[in-house]
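In the two complexes that follow, subunit A is the common piece, with subunit B as its partner first and subunit C second.
For the complex of A and B:
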């Protein structure tokens, strides 16, 4: 009798405790686990979104391997990511170093640098779309950039920045970096502020100059933070989509396509749900591998 | 002589640093200034007048955007989505996190690591399968469906932040509440939630930014223009009136100002949330 009530009490306890998790778990299963597994399942089918599915095995994946537009789109996203890694992150680090000291207006800088990251991609994309507008009216350049170039004596530089396949991708990469560097700045600045000031003192006593202190104290101490920023940059830039959508208005499709654009158009324009899911699976694997590799490299660098 | 040289070097260095920082700061602010400036112009002047401050300030664009551009509806929708999603996330994730942190049941760790794993694995194309699911559930073009999807988006991160907070909560607090006759639910509401107030602030801010700025899911799930949030409305408006730049800029300004205000008032929490690394997982 006693043990029985004990067991039923324990059971009731467990059920009660699980009820706390139930809402989260239910939403998670329906809106994450199920779509996740279903995505893999659909990727083996030929399906237009309604009606019966046709199992086609690896056909979607085989076609994807030879799809030049798809690999081009990966390269475009890779280009934007490389641009951010080479310019945006060093800029963020330089700004963080400049702000990591007693300096006037420090709070002002910190607030201003993080405004662009809190704005939506739609807002940023449409503002820059207007600034970069290539049109003229009555001989006047209506876009601010071209007007400025013309008025300040560089008419030869006036250009359709987003319309020319040669410059479109770099222009997008610059706007993307403009929007994104504030994230890195805030995280790196917070990292710099956790470095023990005694380490700098010790380096000074040992006779290390500014550069030596930077390479021997700051960089090694900051390595984990730098890697976090790198991984976040890679994952964020590879998935850029809305910014491009609002910047180019679907104008220059094949030159500025990124993977998410391809997935979107496979689904919405051609109704090829199986193919879209295959693209999504391949893209997911690529992203996980990149961040895994970055992590592995960082562990190696830490040991060395 | 020597100190003088050091002093000069220091002055030059700090001036250079300020020039560098100021240049970047102006680059950040100018496009926003340009947006607001153009919002106060008319279609007749916006293409001709390139002066910094226009001669005539025209406030009509905001009214046009608000009524004819349907922004009143978009704005209200954005507010509805943001408030309901964030409220949902705070309650659902704190309940789950409390159980993960303090209570026991079989399979607890597995479920917890599923949430953590979901945060680590990026799912760039999951919207395809989500669209299929929502069609099946007849939740396309409903507020409820979009809200549920967005709650799911913020769940993992919020559970993790809450759990790290609840783990730090002293056991004495709970014992005292239990002696006072509080049940588990009572302890969660009366003790754990007030204790986690800083975590709630971080979670509310980050999820609000996320919902307010969301675009992809609202595009897929909400085709009815009466249900669209602001970001989607902006793109629709731009597609329909691609040359009406002053009104478009007025719309952009209205979408940007609330988020900038929230940011300015809450930036302490944002910096704290980011720098404590909790948000990064």
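For the complex of A and C:
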């Protein structure tokens, strides 16, 4: 049998399967592949969103490389992500460990910790806007935080948390971590529950204490789950957008800009769709690179 | 069995493809897309009334907020699935591209029929939003391309109760008086001024009011043309307005990150004595605090050299899809919607200024105060040219930086000029 008849035989045998996959493939092409390739195409154009496009080659990318505000926005998103990796995930892990033990009101805690992530980012933004409100009316602080600080005898700490460049980004990072830690908590808790209890018993028989058990049993077994949580945190935090929009609107000068707000601004404020697409392409490459790097590091850690 | 499945799949694919390529046909149905949450109920009510009167069904679909609506319209235009009636919220440059791409019908003939009856019934400044004159810089064929359904302008609003608490009997007529009043308000524990300057357009609007007042229209436009630099002393004066507002304690805390919705809430709940807002606020304040006692004044001028111009034009303008098979029916509906009777309903129920001059007699006194400002109004859509958006963004963010004490007017002016020079070089 020659190659041609082999291929036609294979096609004949599988054509039914291909036909069933076709609608899903077509939808994938229309809603994922086409917009993605189109975005790359537009990134080489000068276009205001309507009318003719003008090919500008790598001009948008060249401009982007020298755009300080863009790189600042990457740093801002990186800061929010780093904050989440350093504080949000360890906290989520600690709480997951606590809830994995036989403690009272275990189910209640699980529900409470999962409330923040199920709330819409707009709602979270509105709640925190009220908490962080810097205004006063008739000498009374309207915002809950400033009211609490004042009433607790710390008037010197009363502050415009979102209106001061020194505190705005950290405040956003805290709110973002408050909103996001529940996801990590649930995933890590699910991971902890899959660890075979016999491993803990064996460690106990071998004389391992709590810390040794944690570092030699829990951490190695949880490494794949921790990796997933880390990648999800990085991808989620780097793309933070709605929360920023609801907390500081179009931003505190440029101190709270993140890549997605820059992309949005390039489209909405300056109608530079080509430039916005170039930003999106570069941002996508950065995200994919970070994800691969995290995976590589984790694989090395596993081998070690 | 295999053949049957193959035929079934082929039929499904054919039906799917046929659905994608079906051409629209004329019908007794008109589709209208809008973004105005506060006017949706009234639109639905009027659409029902229109159906009763004419038998034509108008389907009103709301897509809010306005940012999302703008993106939806651009996407629909790219896919050639625009509705019969819609709005273009973007700048005039974008509107001109829609027109040139054949997405917007020229309404000049209908407006000027019967001795220009339709055109004359509407505020001239409202029509300017989508009017293109001969030899316009956008390269669009001269004509009227939109129908304003209401008008709006942005002015200063003051709380009468809070002013009287500070012993202020009449609202300020000059900028100096305004500063003095603000300080008097501070002394009695009242925050003087609020505005949603977290939204750059509102900040831009306030700044341009004073730019016109300090240096006059022509010098502002010459700056846009690149003939005058942003480092010019007059522009420094404009930026110094914000230094004075900051240093004299006029502004509410957190003003640079405040959205207009929050600023409206602050004014309605009597947390600030003055607000800078658009005429739509009458409806918003009414919903939030029906007992609020307030008045309207133009922003107090800082100079007598040139008149202070406020922003004011069409509040919301609808356009007709030029490719719609129901184009004539859509135009007829808009003509009906902007007739005095329907405009009175819209003004009464939504507290917006009507675009039909004859309906002005039916509006509330507070809207009447806003209406007075139309005589001294201007709008970027009426200007012969607009500033490059990249320059405007740096200018507005620079003002935010001044307000938070991060930069001086001179630093901001220099930064803006650098971007201006770069954009000018690009244009050449």
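Just so it is clear, the second predicted complex is superposed on the first by the 276 of 304 C-alpha atoms of A that agree within 3 Å, B and C clash if a C-alpha of one lies under 4 Å from a C-alpha of the other, contacts with A are read in each partner's own complex, and residues count from 1 in each chain.
Convention: a residue touches a chain if its C-beta (ideal position, glycine included) is under 8 Å from a C-beta of that chain, and two chains touch if they have at least 3 such contacts.
Note that this is a predicted model, so its numbers are computed, not measured.
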Fit or clash for subunit B plus subunit C once both are placed on subunit A?
clash
A:48 contacts which: subunit B (first), subunit C (second), both, neither?
second
Should A:16 be classified as contacting the first partner (subunit B), the second (subunit C), both, or neither?
both
Kindly classify A:119 by the partners it touches after superposition: subunit B alone (first), subunit C alone (second), both, or neither?
first
After superposing on the shared chain, does subunit C or subunit B touch more subunit A residues?
B
For A:254, using the defined touch cut-off, is the partner it touches subunit B, subunit C, both, or neither? Pick first, second, both or neither.
second
Where does A:139 make contact in the superposed view: on subunit B (first), on subunit C (second), on both, or on neither?
second
Contacts of A:27 with subunit B and subunit C, given as first, second, both or neither:
first
Please work out whether A:157 is in contact with subunit B alone, subunit C alone, both, or neither, and reply first, second, both or neither.
neither
When the two structures are overlaid on chain A, which partner does A:285 contact: first (subunit B), second (subunit C), both, or neither?
neither
Based on the superposed arrangement, let me know which partner A:210 touches: subunit B (first), subunit C (second), both, or neither?
neither
Running into subunit C, out of the candidates 45-53, 153-161, 189-197 or 225-233 in subunit B, is stretch 225-233
Common interface positions of subunit A, toward subunit B and toward subunit C:
15-16, 20, 23, 49, 137-138, 142, 249, 267
Residue numbers on subunit C that touch subunit A, as the complex places them
2, 5-6, 9, 12-13, 16, 67, 70-71, 74, 77-78, 90-91, 93-94, 97-98, 100-101, 189, 191, 196, 198-200, 252-259, 262, 266, 269-271, 389-390, 392-393, 397, 400-401, 404, 406
Can you name the residues of subunit A that touch subunit C in the complex?
15-16, 19-20, 22-23, 48-51, 129, 133-139, 142, 160, 162-165, 168, 247-254, 265, 267-272
Subunit A partner, complex, touching residues on subunit B are 14, 17-18, 20-21, 24-25, 27-29, 31-32, 34-35, 38, 46-48, 50, 92-93, 95-96, 98-100, 103-106, 108, 111, 114-115, 118, 121-133, 135, 148-149, 151-152, 155-156, 159, 184, 188, 209, 212-213, 215-216, 231, 234-235, 238-239, 242, 245, 248-249, 252, 255-256, 259-260, 263-264, 267, 270-271, 274-275, 277, 280
Seen from subunit A, its contact residues with subunit B in the complex are 13-18, 20-21, 23-25, 27-28, 30-36, 38-39, 42, 49, 91, 94-95, 98-99, 103-105, 108-116, 118-123, 126-128, 130-131, 137-138, 140, 142, 144, 147, 151, 178, 182-183, 186-187, 189-191, 193, 228, 232, 235, 238-239, 241-242, 245-246, 249, 259-260, 263, 267, 273, 276-277, 279-281, 283-284, 287-288, 291
